[in-house]
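Notes for the one structure printed next.
The chains carry the letters A, B, C and D, assigned in the order they are written, with residues numbered from 1 in each.
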Amino acid sequence: MPIRVAVIGAGSVGFTRGMVRDILCVPELVDTEFRFTDISRHNLDMVYRLVNRDIQAARLPAKVTATTNRREALNGADYVFSFVRVGGLEAFATDVEIPLKYGVDQCVGDTLGPGGIMYAQRSIPVLLDFCRDISEAGAPGCLFLNYSNPMAMNTWACSQRGYGVRIIGLCHGVQGGHRQIADVLGLRQEDVDIIAAGINHQTWYISVKHKGRDLAGKLLDAFERHPEYRETEKVRIDMLRRFGYYSTESNGHLSEYVPWYRKRPNEIKKWISLKTWIHGETGGYLRVCVEGRKWFEHDFPNWMKAPPRTFRPEDRGSEHGSYIIEALETGRTYRGHFNVVNRGCITNLPADCIVEVPGYVDANGVSIPIVGDLPLGPAAVCSASVGVQRLSVEAAVRGDDLLLRQAMMMDPLTGAVCNPPEIWQMADEMLVAGEQWLPQYKKAIAAAKRRLARGPLIPTKDGYAGAARLPIKTVNEIARQRRIAAAPARPADRRRKRGKGT
Amino acid sequence: MPIRVAVIGAGSVGFTRGMVRDILCVPELVDTEFRFTDISRHNLDMVYRLVNRDIQAARLPAKVTATTNRREALNGADYVFSFVRVGGLEAFATDVEIPLKYGVDQCVGDTLGPGGIMYAQRSIPVLLDFCRDISEAGAPGCLFLNYSNPMAMNTWACSQRGYGVRIIGLCHGVQGGHRQIADVLGLRQEDVDIIAAGINHQTWYISVKHKGRDLAGKLLDAFERHPEYRETEKVRIDMLRRFGYYSTESNGHLSEYVPWYRKRPNEIKKWISLKTWIHGETGGYLRVCVEGRKWFEHDFPNWMKAPPRTFRPEDRGSEHGSYIIEALETGRTYRGHFNVVNRGCITNLPADCIVEVPGYVDANGVSIPIVGDLPLGPAAVCSASVGVQRLSVEAAVRGDDLLLRQAMMMDPLTGAVCNPPEIWQMADEMLVAGEQWLPQYKKAIAAAKRRLARGPLIPTKDGYAGAARLPIKTVNEIARQRRIAAAPARPADRRRKRGKGT
Amino acid sequence: MPIRVAVIGAGSVGFTRGMVRDILCVPELVDTEFRFTDISRHNLDMVYRLVNRDIQAARLPAKVTATTNRREALNGADYVFSFVRVGGLEAFATDVEIPLKYGVDQCVGDTLGPGGIMYAQRSIPVLLDFCRDISEAGAPGCLFLNYSNPMAMNTWACSQRGYGVRIIGLCHGVQGGHRQIADVLGLRQEDVDIIAAGINHQTWYISVKHKGRDLAGKLLDAFERHPEYRETEKVRIDMLRRFGYYSTESNGHLSEYVPWYRKRPNEIKKWISLKTWIHGETGGYLRVCVEGRKWFEHDFPNWMKAPPRTFRPEDRGSEHGSYIIEALETGRTYRGHFNVVNRGCITNLPADCIVEVPGYVDANGVSIPIVGDLPLGPAAVCSASVGVQRLSVEAAVRGDDLLLRQAMMMDPLTGAVCNPPEIWQMADEMLVAGEQWLPQYKKAIAAAKRRLARGPLIPTKDGYAGAARLPIKTVNEIARQRRIAAAPARPADRRRKRGKGT
Amino acid sequence: MPIRVAVIGAGSVGFTRGMVRDILCVPELVDTEFRFTDISRHNLDMVYRLVNRDIQAARLPAKVTATTNRREALNGADYVFSFVRVGGLEAFATDVEIPLKYGVDQCVGDTLGPGGIMYAQRSIPVLLDFCRDISEAGAPGCLFLNYSNPMAMNTWACSQRGYGVRIIGLCHGVQGGHRQIADVLGLRQEDVDIIAAGINHQTWYISVKHKGRDLAGKLLDAFERHPEYRETEKVRIDMLRRFGYYSTESNGHLSEYVPWYRKRPNEIKKWISLKTWIHGETGGYLRVCVEGRKWFEHDFPNWMKAPPRTFRPEDRGSEHGSYIIEALETGRTYRGHFNVVNRGCITNLPADCIVEVPGYVDANGVSIPIVGDLPLGPAAVCSASVGVQRLSVEAAVRGDDLLLRQAMMMDPLTGAVCNPPEIWQMADEMLVAGEQWLPQYKKAIAAAKRRLARGPLIPTKDGYAGAARLPIKTVNEIARQRRIAAAPARPADRRRKRGKGT
């Protein structure tokens, strides 16, 4: 019997097409039935047309349906993917812009920090709705594969209050750093064995081996000498220097989780690179998302004209999703890194938090090995974020703005930059700005409005661009850039760009 | 660089030859250096000659050395196997015979019960010596693969006090039941996915799937209808009936861990089969061991004349040892069931006990997934044994005979059969009988001797043969039986006989 | 504001009067408002009349009301006592008689064993109803003081699923043994400091000190020489001998929780005394309860004629209930031993089980100190019972007779006496006998009836009186005995008889 | 038999005299034998003369001896107090001054922050020596009552690696805030019931009750309106506002554990008061310690002339030490707040950290009740500090400067003020400055010297006085101030000054 795969937020064209391609590259899964759903009928139509065309062209038995009725899409589903971004770019802009006025200069702002915390407030109620629907309409034992950020907080809420739905949070962060480590050591990626452990976006390569020999001690020197990374990965390399382990997270993203690198405007540029947004640009991810949307609207007609996708083994990407399904359905063992409830896996992080750790998947299910203690320094760094996550998750679920404010106060970068009254005023502004996506905060938003109206207000740096901001490109500029980039891209870069890159 | 594999108790010819064969079937490991050691120079010579001859014949680069100097054998070893049986058959006989006088009718007596408890008292100090030597002489990170029984208690002591040596306890019990399950379901073993979890010799198939569908609910009916198993596996089937899960353990062995099947002499035969010893014969394992030794001494000359062993993939056995080494050395993932410290793997058994659970091995090491809760009934059965094990391990390490007696009192079968004064007198007898192997009990043995000499003694059933005892075969009888058996054996049976069968 | 104390099962005249007296002995609590409720209007009237008369006579401001409407009684209650015995003596008789036919010779049968397990099946649904009512109708933070047996299982179910109601299980077992220990040591009870820990009815004096000096090592000798206890407490002394610690539990009760003392009919009398029922008489507690009820019915008219109770400090009993209330209301520190969820208090028992441990009460609430590890032997004994309790609690809540049967199989005495088919048939008989009190087992009881009707049945010892049974006294005999006993009773004995004695 | 109390660091005259007085106020303890030891013969003589004179004058049977031989003092001791300050004021000055150059403006600097971290590096090896001596020379079960700061880190190291010595860390912080809470509520302190829980110096009043009614919700308003505290306790009140619970810690001390109040030099004065040092003055505790030493040297002759101390109940102070001893020796229950290994007491802090929680003491020993979860916000604040403590303790024990630097990086205030290179250079300077007290860092100090000598160095604010520094008073100024203060002091203030005030 073919499996049924539902995709919520299927309008995320890139993610959805990639996932379909990856699954249909597996011979046993070519008859998969895909159920797309999205709140945007327009986006849904586009992705449906694209994917359907590809399948027809490849003459595969797979089926696709699309509906804006979520329950219908979930009905009898064996697997559910979520690619949603609650609030979209409109809300995302406030996650970046409001903190910037208070001096909190985020590069991405979708994981921790005031931006990530507010993103969780919007996302968690929606994802819990997905869980309720899955528990009621999905096939027994249906597995929820979540790609929606903030990964750790969303997965935490769903694991704890998601009506018993099994959920795994997925991110490809571990693969990217793995490739870099192989690069600096002059080895092939497949010859370097790694164990990464921590929390999403703050996972650490705690074991790096080549033919059984531990190479962790050689990494700092190798990275410091690498001509590209010593420029683009300064924060990561500094963290490696101070804490002894390389982080999975990109330079820009990592820099915003800790108090040391982005608190002084005049020092930010020393720690980042403006070569690509991911290395630390102020609001960098927001910029590329805005540009990406513009470009997609402009370029969509060409997509339908382009040759349809093929489904050969060599076309398959490296996202975990399809490999997990393959392992469960065929019994072929897959090892990846997954986001799951800790439950003692990392012995010196709390049992209830969401960790990112190795997992083995086969016909017996998803097995999460006991990792043991994280090294003390990395554990301390992760613990600080876990404290923020727990406050933020509880705030989102209860609609308790006092906990929300505490989450922001405990955020390492925010705590280093702001004082308590500033944090509270920032929280007020963000609650009001997100009103339409924060039904659980009705009362708190009303009170925040009153406070903001009544004043007096702490002055903020309105219009401040942050330490390292680049202008948003026009469609013409994007087109030009893409022509330049098209020529020499290495496969690795292609993969990095294809994903969300974080 | 070739790996170095030390074998303590290499005189266990069957085990040692099997292990060498299994390793040399792996192409990357054909240059392995084997270091045999044993306290018996005689046995060591025999196995050395056999193995060396096989390697020469196969023209493999592997090397073998043999020495009675254990430290020498361990020097620089990457892997160490222990096949020792401390006290040998002489001590083993007392483990069976003395309890029998008190009505405790054991089939094997090497795992739990008075026999297994005393076996642990002899073995633990010796195995801790091995650990100390490994920690001092072995290669850094040397892995100790223990096959010596009582598995759970030995591995417990070594994990807790073994000078930091990494140890895995290995037993092939899970494979045997897996084959039976496939049999009764009419499926191929490789198509049935199983998760077994519990403690060694009381592990339960908690998940039995075929193409993702759970078949656990069909097992009772299928076993009850199976023409062979319904005769030979009555205790296992009854446990399945009462507790809902099939046990890895053989009928005879299982029957001696619980209070229900062997406490009334007149009922024992209803629950066992005398077809082979493993199905429940009184002192069955002792009998086959005695016969095996006789036969080996008689037959050894023929072994050297027989054609040498070959090392083709199809010759390889199913013991976990070589597969673990292969996975660690080559990175090819292996999944087996291992005995390790619980540490939260089975969430409703104590964190410090030794559990038998699935493990994944690759170049990253041995990964033990979190299993979660055992079903309540099986957990209660295992807990009772864990209590006995803990008392027994502590007794062995401290040389504390009060704890030893408590271990016997808490043993479910002993507690069902004897009253406290009987248990104490039995403990006295067993301590005195094992004096030469129990240096840690010097004082307690002296006191026991005084008590036994002084009397009055509780009368015991001296000379009682138990409910289901068979005579020991002569060499001629064994020879005749082997001629009969040689003809039609199925591969599965061959595998079963090759191992220690428990 | 006066406190409100509701009493469910107030018809338990002795308990209710004692509790009222104890509370009204506290000066700050003389205005307490008591709310009595019971399913028997008749019993309720009797206790109401007695208590009201006492209060009037003492001219205290306390108030009493009585109603068969439980919700009404609970409305706004600050404290709730439960004295109910679900099924009463009618059901209790089957708890004792049916197992006896299968050779399970219980002395009490209300805690563990087939009797205690079935008692839990009747009680737990009823107590959970109490909890729901308390959570809805009681004052905020209302404290539920449970005296209903089986204490550990009932408190377990209520703690886990009792709608968030705070519950403490109370038993005076610890005090009795404390007095004995002081006796044998020749010390005053108030000079002997003790820490008792374990599970209800299997709690152990793990620390016994006099002026800071540990006397635990002297107990065995002292008890063995004590002229009375060496006759009446043989099982307790034997357990002290084997396990190193004295048990809180009476001789007869203790003997039925373990496999060693009551499994051979011809040995039971060696371990017990028939001096009073509590030392081990077959069905002893059932007998005295039946006699007590007869006597009460006969004697009630005299009670109303007797002089009313007084409420002087020296009248106060030693049950924990009133002391807890006093401590919470006045802030005066009280130390007692309470039954609460373990949560890490005894580190080597499961976190979710109910332990009996020291507690301190004052205006801050009830504080349960961390005890640490139980000694290994006592921990193993308690663990075995905890396994039975967990199965039994889950069975009661789910109405799952497979778990119920597993609970009986794992019961140490039952496991030592019966084989699995016997246990299952006994369970069938007990389910059918208790039908009216076991609504959750509707389906299982129907199936049991079919099996019992269809046969064939395993023969049982119908009409077997057990090893040590005494005839039920007539009212005249009771009267004569009471006249004899009235004269010389020591205060300690009076206290013992006043309570439920277990 | 009289108890023996050893005092290490007895030269801390104020502490030692207070402790002696408190013990000798207990009638049962008037014959206590005190053993004073110190590394300074001079200080030891002074305190010996003072205390001996007091005892003689009161005609008590107590005895005092003094020796610089620590082992001699500890021989047979039942209780050991430590009042040592390793490195004295000389080292303390560097704990304050060096961080100040890097912008880390500490008020006390002896608990967390760079100052507290370095203090732990000096203290832990010395305290572990005390433990070894106690384990070898003290009476069996000797109890170590530690007053040496940094309390949490010192107690952590001793609990984990202190040769099995029982240790309790003592601080009177909880009492001070308790008094304030009663003040603002207009109640008597003895009528307000509190539970405080957290880690030393960051303990929170999680339950505040009056006659059973919870008043926690009224505290913010009451503190904001209090004429004195709204000026002197601004940080505490702000934390109460943001986190919902009042902290035990003084305003100045609390302000240095979190990132929000002392990171901007121009805002510090808004959050503190210069009325007394404890409210936030830069280096305030260092100043009063320096002044105190000067004054003592100047004033000692007067002390001997002053009337000797009396030992009446009303003379007794409120430090926990004597009450603990009284409770253990007499059985009178004492409730205080103690620093002990968590072990699950606070369920959402790590099991291995040191928590400050309620404890009950009586003849059974010290009982630490299970507190349960801290509220989420306070738990997050404490967790951040626990991470720093763990790194610092491990660094001190291993002499691992990488962990030491990580501790400083994770320190909330340091992380908010400095960047990583600054933190490392600051660590270099502090290691070099403390060389004589840091034998475990020999290699790291040599490397730090080379780095500092080689440069280039990050410029620092040499000579910077911090945001709120007061000049050190001369002896004449102190004298004048004391004359003024002598007149109107309230008992509460007297108590506060008597202690160490932190």
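In the analysis below, contacts are C-beta pairs under 8 Å (C-beta built on N, C-alpha and C of every residue); 3 or more make two chains touch, one makes a residue touch a chain.
Because the structure is predicted, anything quoted here is derived from the model rather than measured.
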Exercise for the section: Provide the labels of all chains in contact with chain B and in contact with chain C. Expected result: none
Exercise for the section: Using the touch definition up top, find the fewest steps from chain A to chain C. Expected result: 2
Completion exercise
Computed over C-alpha atoms, the centroid farthest from that of chain C is that of chain A
Handout entry: Rounded Å distance, chain A centre to chain B centre (Cα mean)
Key = 48
Completion exercise
dist(centroid_CA(chain A), centroid_CA(chain D)) in Å evaluates to 44
Exercise for the section: Please compute the C-alpha centroid of chain B, do the same for chain D, then give the distance between them in whole Å. Expected result: 56
Handout entry: For chain A, residues contacting two or more additional chains
Key = none
Fill in the blank from the handout: Touching pairs of chains in this structure are A-B, A-D, B-C, C-D
Problem - Interface residues, chain C side, partner chain B - complex - result: 238, 241-244, 258-261, 263-264, 267, 348, 350, 376-377, 379-381, 383-384, 387-388, 390-391, 394, 402-403, 405-406, 409-410, 412, 415-420, 424
Completion exercise
Listed in rising order, the residues of chain A that touch chain B in the complex are 193-195, 207, 209, 212, 328-329, 331, 333, 335, 343-345, 347, 358, 360, 362-365, 367-370
